[in-house]
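Below are structures written as structure tokens.
You will see chain A twice below: alongside chain B first, and alongside chain C after that.
Right after this comes the complex of A and B.
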């Protein structure tokens, strides 16, 4: 099928859905877009959903329109959030609280001297960060970047060390045999198997990343076991990803067939 | 035949997946759910809390992960409402505010009309700063939250009078769509204060968070499947309220299409592999050259 025919097929399919929806709403089976603002919103959302899904067939102008709109709206949304949630209350609100209160947003009128000084430092660092766009002296932008990196490292280092290292080590040091009062031979066999897989799986995966000794002989065998553990982990992660994506598809189909077309009851 | 199967147009697969999702939706196919220990642990934790406990509900997600996470949020609030707990909503994502309002309107508004704003629940809203917000509220909410989402000063809200910082909470129940989310609540909130943390996350995040359970996480719900398990626990536990009316349980409704779609994917995987191994025997040389 050539490019023109493919495009004709996509436009035809979308057109067919729209004609069906118009007839369906004219028959009173669903809300027409002319009924209310929320109905118009639902129609537009359905159009955008179908436009995005049309990419599964092939690239087309509907998809590109929906994609561009999504990127534009997202960028605009985050910019507005940045201005009204960060710049206005946290910086301007501290530097000129009276002006902000009168013209822009409600902020506390009493600002301590240290907060005002810190806001001034942030303003200066912000301007230095934008220096990257200047024709000369772009190296100046490295100073605020250094502050950002330093702040992030300082706040995250200790928490990661505690939460992701020390607190993770102790649950890994578990008894290999799980006792049980009632089970055969006084051993909880499922618990014991879980403990063995956990401990030896962890050791094998760690040995795979231990590069100071050549992976030969026994160490090589354990290292190969480590690869299996990693592959099973990646498989589980992939399985979860598929589940997540299908859940999103179910959500969209529910919107199209239940909320918009009302072909299927809720 | 086998070679044709290997070169099948991917659009046929998309069509089959779509049908696998739409047909169970049309016929209202549902699957019986049995709760896994991680999900049961969250349910039990809420059951053990005495009525009137302070529960922090950070809703850190947006509409893009709503099909997976909104059923979790609704179930948590439904369960906490049945147990008459005090709910403190906040969010580290700006989009979380709208999601909070959705849950409040759909669950608290419809099922718990006696829940009063300011006495039983409060919406603190969004504050920018990611994990920095958690670092601050550990010691004092008032540093960042001088007012609630409506602009009411915090000290004028009755249920905030005895609350200073995160340590005054009895449970942190997070819903997370990414960063910042449950991981940050463990690292900067739970581990620092000792307040139990549990929560629900998208399926994509779940494998990365399982290592925190059960030491640092009281329970974890990963994706739609876990949400459906929690809903089934609620239906069983509060059968007098939900015994016949299960329409509001979106995750259980969505698990039918989810399961059938998974079966179709598995079927394609099996058929694809059979076709591959069978054709390798007949035209192994050609495939070897392709691999090279």
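Right after this comes the complex of A and C.
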């Protein structure tokens, strides 16, 4: 199918849905819908939903329109959020709390008690970062970047060492053989199997991420076992997350069929 | 008849009076919370004071409200004492409140008010001040473990810089990077590099940008086209510096164009819409996703798959790895992403760091083996000393 035919198909499909909705409303099936104040917004939201969904077929003018609108509006929104949620309370709120409280916004309580000198450092770094826009000396903008990268790596070192390293060890320090009063040989076989899979699965996965030796022979076999453990875990996670995504799709379908077209009762 | 009438009158009218009086008398005020203390929270940067008290024995206490007032302190001795301000309310049975936004060097007054249905009682006023501690003693073993790893990192870096060859096992996904860039060059199509959607304070973004340096140097050498859409302004700034440096190192500064690294939006799905549209329109031959990803991982990788691009992904987000594994040709999982730049560049500093991290993994594997065997023996033999080894590992070393 050539480009023009594709375009006709997409335009036709979206147009068909919109015409159906118009006829449906003309027949009085969407009467309650029209009297609500959000009618125009819902029509526009439905149009944008259909435009984004048209991506499933191919790139087309509707998708491009929705894409550009989404990017433009969200970029503007985040800029405003950055000014009013970060710059005003966290920077100006520390440097001039009285002025901010009187003219701009309520300074959060947690900001009031923080040292002003840190805000001054941040202000200077921010200005240096904007030096990039100056006609000369753009290399100055590299300094605040170096500070940001160094600070991020340094502060995250301890945080990740705790959350991704030491905290993961404690749950693995478990008895490998679980006792049971009633089971055969006095051993809880299911509990024991779970413990063995947990501990040796974890060790095998760790060996997969060991880069200093060649994964050959016994080590290669253990490493292969580790990748199997990882893949089984990923499979379970995949299924679980896809269910969540289906719920999101159902949400959009509900909007189209319940809120917009009112083909299905709420 | 007079006596019964008088008795009846007494029972009917006068006798209930004391009862009614008793019912309408003000309820007994609760005894004020006792033993109130304002203590500096230890092992912190000096922004928290814990207020403790003893639960009132009065059965009708419904809540405790904690108040604070700021007193002149070291930093502003001339400042006036401020009026009482409520910090919050807790239910009966609670015996502490942490004031977590205290200012260092400022003394505060605190009082706790016990409230019943119709009365309240103030505790005595206590004062407290928050102090910063240089060391968080609870993290002593983190220091030991981190210090040991760092020592080995330094040791291996020294060995590498002195010419000692450090072995790193083959990582399949990284072997394919050069091949993927070469394919894009042959096809005359761009290479798209997505450094995740997190900011510069995320180590995965840092790892992604380090890898971008290597990839863009190869692209510059091959004279292929590079496109790096980003969702954070700081990532854009850093990305531009990284790519510019790579083009300089490749000896092709004239081929560098600032628009190679461009900002779309901070909004997660707005960004996805933009990148997906770009993938469909430009049809890049190679897509590289290296960094921190969330729900957009599958949306991006599926689109890349649809246009037939070679895709190599790398992330340490466990929830997104399955999607990349399913939709990409190669996936760098977790630590492989951090090892990537060391592996590709062969830089002694990075290789030394990678080797040092392997020592950390050896420590963990040893601790797990020791701990689980000790836990098993402690359970079956009832040995207290073995149990204390397990407790030490669980409650002291790896918390």
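Going forward, the second predicted complex is superposed on the first by the 219 of 266 C-alpha atoms of A that agree within 3 Å, B and C clash if a C-alpha of one lies under 4 Å from a C-alpha of the other, contacts with A are read in each partner's own complex, and residues count from 1 in each chain.
Rule of thumb we're sticking to: a contact is a pair of C-beta atoms (placed from the backbone, for glycine too) under 8 Å apart; a residue touches a chain by one contact, two chains touch by 3 or more.
Predicted model only: the values in this text are computed from it and were never measured.
*Asks:* Applying the document's definition of touch, where does A:16 land relative to chain B and chain C: first, second, both, or neither?
*Replies:* neither
*Asks:* Which holds for A:170: it touches chain B only (first), chain C only (second), both, or neither?
*Replies:* The answer is both, since A:170 touches chain B and chain C.
*Asks:* With the two structures laid over each other on chain A, which partner does A:83 touch: chain B (first), chain C (second), both, or neither?
*Replies:* neither
*Asks:* Which partner, chain B or chain C, touches the larger number of chain A residues?
*Replies:* C
*Asks:* On the A-aligned overlay, A:106 touches which partner chain: chain B = first, chain C = second, or both, or neither?
*Replies:* A:106 contacts chain B only, not chain C.
*Asks:* Which of the two partners, first being chain B and second being chain C, lies in contact with A:160: first, second, both, or neither?
*Replies:* It touches chain B and chain C both.
*Asks:* By the touch definition at the top of the document, which applies to A:237: first (chain B), second (chain C), both, or neither?
*Replies:* both
*Asks:* Check the residue A:64 against both partner chains and state whether it touches chain B (first), chain C (second), both, or neither.
*Replies:* second
*Asks:* Using the touch definition from the top, say if A:209 reaches chain B (first), chain C (second), both or neither.
*Replies:* Touch status of A:209: second partner only.
*Asks:* Applying the touch criterion given at the start, work out whether A:251 contacts chain B, chain C, both or neither, answering first, second, both or neither.
*Replies:* A:251 sits against chain B, while chain C stays out of touch.
*Asks:* On chain A, what residues does chain B touch that chain C touches as well?
*Replies:* Residues 155-156, 160, 162, 167, 170, 237, 241, which sit in both footprints.
*Asks:* Flag every residue of chain A that touches chain B in the complex, lowest number first.
*Replies:* 56-57, 81, 85-86, 90, 106, 108, 155-156, 159-160, 162-164, 167-168, 170-171, 233, 236-237, 240-244, 246-254, 257-258, 263-266
*Asks:* Taking the touch rule as given, give the residues of chain A at its contact with chain C in the complex, in rising order.
*Replies:* Result: residues 52, 55, 58-59, 63-64, 66-67, 70-71, 73-75, 77-78, 109-110, 112-114, 129, 132, 141-142, 145, 148-149, 151-153, 155-158, 160-162, 165-167, 169-170, 172-179, 195, 199, 202-203, 206-207, 209-215, 230-231, 234-235, 237-238, 241, 245 of chain A touch chain C.
*Asks:* Residues of chain B touching chain A in their complex?
*Replies:* That would be residues 11, 14, 17-18, 21-22, 25-26, 28, 64-68, 94, 126-128, 131-132, 135, 146-147, 151, 186-188, 191-192, 202-204, 206-208, 211-212, 215-216, 222-225, 247, 254, 257-258, 261-262, 265 of chain B.
*Asks:* Inside the complex, what are the residues of chain C that reach chain A?
*Replies:* That would be residues 47, 101-103, 139, 141-142, 145-146, 167-169, 171, 200-203, 206, 234, 237-238, 241, 263-267, 269-271, 273-274, 276-277, 280-281, 295, 298, 318-319, 321-323, 325-326, 333-336, 339, 343, 354-355, 358, 360-362, 364-365, 367-369, 371-373, 375-376, 378-380, 390, 393-394, 397-399 of chain C.
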